[in-house]
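Take this structure, written in structure tokens, and hold onto it; I'll ask about it next.
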Amino acid sequence: MRSVLAVGAHPDDIELGCGGTLAAHRCAGDTVTMLVLTGGQNGPGSCAERRREQERAARVLDAVLIWGRLVDCALAPDAATVTVVENALRSVAADIVYVHAPEDSHQDHRAAATATLAAARHRNRILYYRSPSTTEFNPTMYVDISAHLDRKVEAIACHRTQVAASAMVDPEVVAASARHFGAQARTRYAEAFVPARFVWDLSATHADAPAGSTALVGTLPAW
Amino acid sequence: MRSVLAVGAHPDDIELGCGGTLAAHRCAGDTVTMLVLTGGQNGPGSCAERRREQERAARVLDAVLIWGRLVDCALAPDAATVTVVENALRSVAADIVYVHAPEDSHQDHRAAATATLAAARHRNRILYYRSPSTTEFNPTMYVDISAHLDRKVEAIACHRTQVAASAMVDPEVVAASARHFGAQARTRYAEAFVPARFVWDLSATHADAPAGSTALVGTLPAW
Amino acid sequence: MRSVLAVGAHPDDIELGCGGTLAAHRCAGDTVTMLVLTGGQNGPGSCAERRREQERAARVLDAVLIWGRLVDCALAPDAATVTVVENALRSVAADIVYVHAPEDSHQDHRAAATATLAAARHRNRILYYRSPSTTEFNPTMYVDISAHLDRKVEAIACHRTQVAASAMVDPEVVAASARHFGAQARTRYAEAFVPARFVWDLSATHADAPAGSTALVGTLPAW
Amino acid sequence: MRSVLAVGAHPDDIELGCGGTLAAHRCAGDTVTMLVLTGGQNGPGSCAERRREQERAARVLDAVLIWGRLVDCALAPDAATVTVVENALRSVAADIVYVHAPEDSHQDHRAAATATLAAARHRNRILYYRSPSTTEFNPTMYVDISAHLDRKVEAIACHRTQVAASAMVDPEVVAASARHFGAQARTRYAEAFVPARFVWDLSATHADAPAGSTALVGTLPAW
Amino acid sequence: MRSVLAVGAHPDDIELGCGGTLAAHRCAGDTVTMLVLTGGQNGPGSCAERRREQERAARVLDAVLIWGRLVDCALAPDAATVTVVENALRSVAADIVYVHAPEDSHQDHRAAATATLAAARHRNRILYYRSPSTTEFNPTMYVDISAHLDRKVEAIACHRTQVAASAMVDPEVVAASARHFGAQARTRYAEAFVPARFVWDLSATHADAPAGSTALVGTLPAW
Amino acid sequence: MRSVLAVGAHPDDIELGCGGTLAAHRCAGDTVTMLVLTGGQNGPGSCAERRREQERAARVLDAVLIWGRLVDCALAPDAATVTVVENALRSVAADIVYVHAPEDSHQDHRAAATATLAAARHRNRILYYRSPSTTEFNPTMYVDISAHLDRKVEAIACHRTQVAASAMVDPEVVAASARHFGAQARTRYAEAFVPARFVWDLSATHADAPAGSTALVGTLPAW
């Protein structure tokens, strides 16, 4: 059982970036924690509304929710933000970290990415997710979310103030991008990631595999 | 249990690039097949010697060995080479493919990389490994080979003609690079990879995890 | 009135990559020529079928069709291919050239891209389009095809042998990708391009604009 | 008629980066607004001198001038700067935005680039121009300024305090770079750009083109 | 005789990044100055200890040591930091500048890199060195430190508080990375660099070469 | 005294790419050899004319000239081309190699670059130069050719058939680009390079420097 931490600058960022993957993690028995760094004070929507929306979305994803209590549009990649992420990483003993990709036109997203990379400097699994404001993004890692797209859309729908008023939050685009990346991943629906650093744990995967299973050794005739 | 195919242009390329990872796959119960595209005719070493060395190395790694029967220093990324790799992929029903990184000063390595990428166009796990002649390489994926470095070095040592005569095959450098990439991966010894396309299979990992395990839901007080 | 040349390696490549943009060009009064370099001999579908499908698709896009008469899966970026593209460029006096992006897992697509870049070395508008097999693609130019998506899908549907049998040709993915790139372009549906070299012709745009239109000059009070 | 906004950190930045292109826009009947974010307080030259120089240069380019009233060498990519650019974008209803390329050794230039990208997050035509302090710049878009180089040089010459004292402002280099990029663009003199996001408006170009112009349809004999 | 300035954010950064190269410079008769921007207040180790360690390390490298007197974990790429580096550059009349590579997970390292690039905007030899926290690094320049590795390790060993307590400072990794980069450089041990801007001074190299030495001119028979 | 080998695909390529640098090498007492791989059979100009032009240009640069005897527009990055370059490297015992940058729209230029990189796999100083057909080029190394520009232009002028008939060979552009790159290098005229691999030889530079020259050691008061 792995411990997953997803970091986002504002309410709804995490769901948009990796909501389906978090659902897949829960499905695989992993614990999932969402760290939302700011309250989304700049709106649309009041702080109280956005807090309730984010709580509902976390419930949909069956995830623990932690608030970073920093300020929307004033997030800096400084020691204070690094400390907030470090505390979260430590308190959940995170094995895997998801965060905004660093090339983004929103300054808070860039700050979240760099602060998280600093906080997770000793961790070995950090994946960047995409936001609607991400500018450069060449994904090479994917998670198949064909079984979890509905859950992702449901979690996003919790953020009613955003769906109603932000051009950046459009469920139609969410599905289209998932299909687009799904085709790239040679599956149906996928979320796409750029690994910042990813140590693939082969051994953990097959604890139950027969230890002595022997492959054929020698030279096969070529077809 | 996964089926792994590693593709290399010449005898010893696969061991240098991902020998430790192949050992880790075997250890995890996966089957491993090595496809060596050419006989290494250009030497150092005779074709017969190199064939025997490669067979010994495959035995050390407990892997199936297939020869591509193409010609050293004349490997082309054409339909013939693509077909050889397609046949191997199909015959072992490969889940995971390892091959040379495409930016390499050796023309055969580049050809192996592009032909394999074409052959594996419908597969969803293809990882590029590094060779001593690789020119540009920004790894973001790693496999911890701390428990398998000895096996890797042993497999490379089988290629006596190369260890003796090629400046590119130096066991001391093999260990140094594994430690260098290990530090990057925040572990001890590692092999480094660039994913061409990697779909991370979360669900397969925890077939034995309790299906209904429930995380705490709600807002935690921040530390 | 501009003259547009679109180059593709196989029947259906051009429609997938820039079919909506070609429809937009026709709509703007430009002439459009499609140069299909090979007959798609490797199938699925017979050569005769694919020729008829391509002719139908060209008719849907109201475009001139030229065949390069080269061989599927054996396209090389050599002098012969360069000459075929040079002849087409000259015969239509192309102002704008569309071709495959060079980073692609299909060898024919790479060859088409590099041969076209060589043939068009003195031209000043060359745009790379994306294929399902494109591997790395960071688009920064877009054409809004919201009014032309249906036409694009209709042109692709002409390639029945491909829609039926190739995993790479899926109308659902075509629409999803157009929406995905549309969101990136801050419009509804878009095709995405990477410019190889694009000289933006400002003066041609407003031949009918009043020559002496005068802007306010001076220092405005800042808000 | 399009509305163009050019953003620069200091007096003279815009002229150096895209002065010829702004002249071409005016020539095509577009309105042009220059937003100079700081007063260039750090010199050389006094604030009053630099203000007068900038006003003269705006007059040479027949452009509206707006001052951002921020502080030289203290420009931050924060909410305040973003707001200044947002206000300018809104007040001129900008269709096209020009700004510094983000890879630059001057902190103010980087801040201007990132703040503008944030402010223009919903716009679909943003082009990065080059400064003498730009560090990495791979232009793929160009505007032919052969008819406007003199105007550009004249506008730069207005900044006498800079031409006299700054190693970064040298009319000889301005002409040389325009010729260098002109050769890259396959024209005589050019300014070079990297598109951040550029939606090419095909339909607007030929409002006067004959609506029903019909291209030949069918298969041409190949040359 | 050249004047070399190496800039680092914290005590030990310079030794880790380019300590062997600085030793090689001293060996070649160049003067070497180390500018350590902060006191390493965040530890491990007290400020006083770290100051003594850094002084000892500078003595091992036979280098002048300057303190920037800025604050650990609060380094900003602002005008104040730029001024500190400018003063150092001027006071030693630096011909060559070494500094952190800008892609680094530590905010102080990024700040040191960008402030130094700004301060050295008129200099023509600036090389980026690697730190354990550097994230993306494609070196193409190297200095052979085979004769200086011991000196480098000795200088690093002076930083006892770091060697004892920081996972980032491990002499074994230092040697492994030097061997790894040595193999890339086709030598034994090397430090690796990315040039920000490097003007190679050919003429200075051979003041003692015979002025009129004449090469054979004409067409040689090919081998 | 160093031995320099410059490799070009056609007559005039080397002069355009690094003619000033070769003159600087001669001036510093180095031997310079030019390896022209093909006879430029495709013209403009006859083979005999181009041979004479190249011989004259080599004489202007006081360089040895070797012909590769391969065929224009049919250069392949195969074993034959690699062998031609290997023979030249060996026969002149090259310390430094100059060759086309690999991203180029001309297939022969790409082939020359990759074949040379393969041939020079054990060498430690390989620099890529720019051609008019180079497509992507981010130079970070420069050689000051302010004292050698006239010589470069004179060498290019020897290629009369090219200056007269090829849009790619224009002395005005040669000077403009040298000034453009000179400004980037913070000097007057420069040629620009991308290092493929460059080991900077510090020790060779100052054989005559006083061995025991001692720098001040200790902590300087900060300004």
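For the reader, a short list of remarks on this structure follows.
Chains here go by letter, A, B, C, D, E and F, matching the order in which they are written, and residues are numbered from 1 within each.
Everything below uses one rule, namely that a residue touches a chain if its C-beta (ideal position, glycine included) is under 8 Å from a C-beta of that chain, and two chains touch if they have at least 3 such contacts.
Labels paired with UniProt names: A, B, C, D, E, F = N-acetylglucosaminyl deacetylase, LmbE family.
Everything quoted here is computed from the prediction, not taken from an experiment.
Note on connectivity: the fewest chain-to-chain touch steps from chain B to chain E number 1. Touching chain B and chain D together: A, C, E, F.
In terms of their C-alpha centroids, the spacing between chain C and chain D amounts to 28 Å.
Rounded to a whole number, the gap between the C-alpha centres of chain D and chain F is 34 angstrom. Shared interface positions of chain C, i.e. residues touching 2 or more other chains, are given as 122, 167, 186, 196-197. Interchain contacts (touch definition given at top) occur between A-B, A-C, A-D, A-E, B-C, B-E, B-F, C-D, C-F, D-E, D-F, E-F. Listed in rising order, the residues of chain D touching chain F in the complex are 132, 136-138, 167, 170, 172-173, 175-177, 179-180, 183, 186.
For chain F in complex with chain C, the residues that touch the partner chain are 73-74, 105-107, 110, 133, 135, 167. Across the interface of their complex, chain F is touched by residues 77-79, 82, 114, 117-118, 121-122, 196-197 of chain C. Those residues of chain D whose C-beta lies close enough to touch chain C in the complex are 1, 21, 24-33, 55, 58-59, 62-69, 84, 87, 91, 122-124, 140-144, 184-187, 190, 194-211, 213-220, 222-223.
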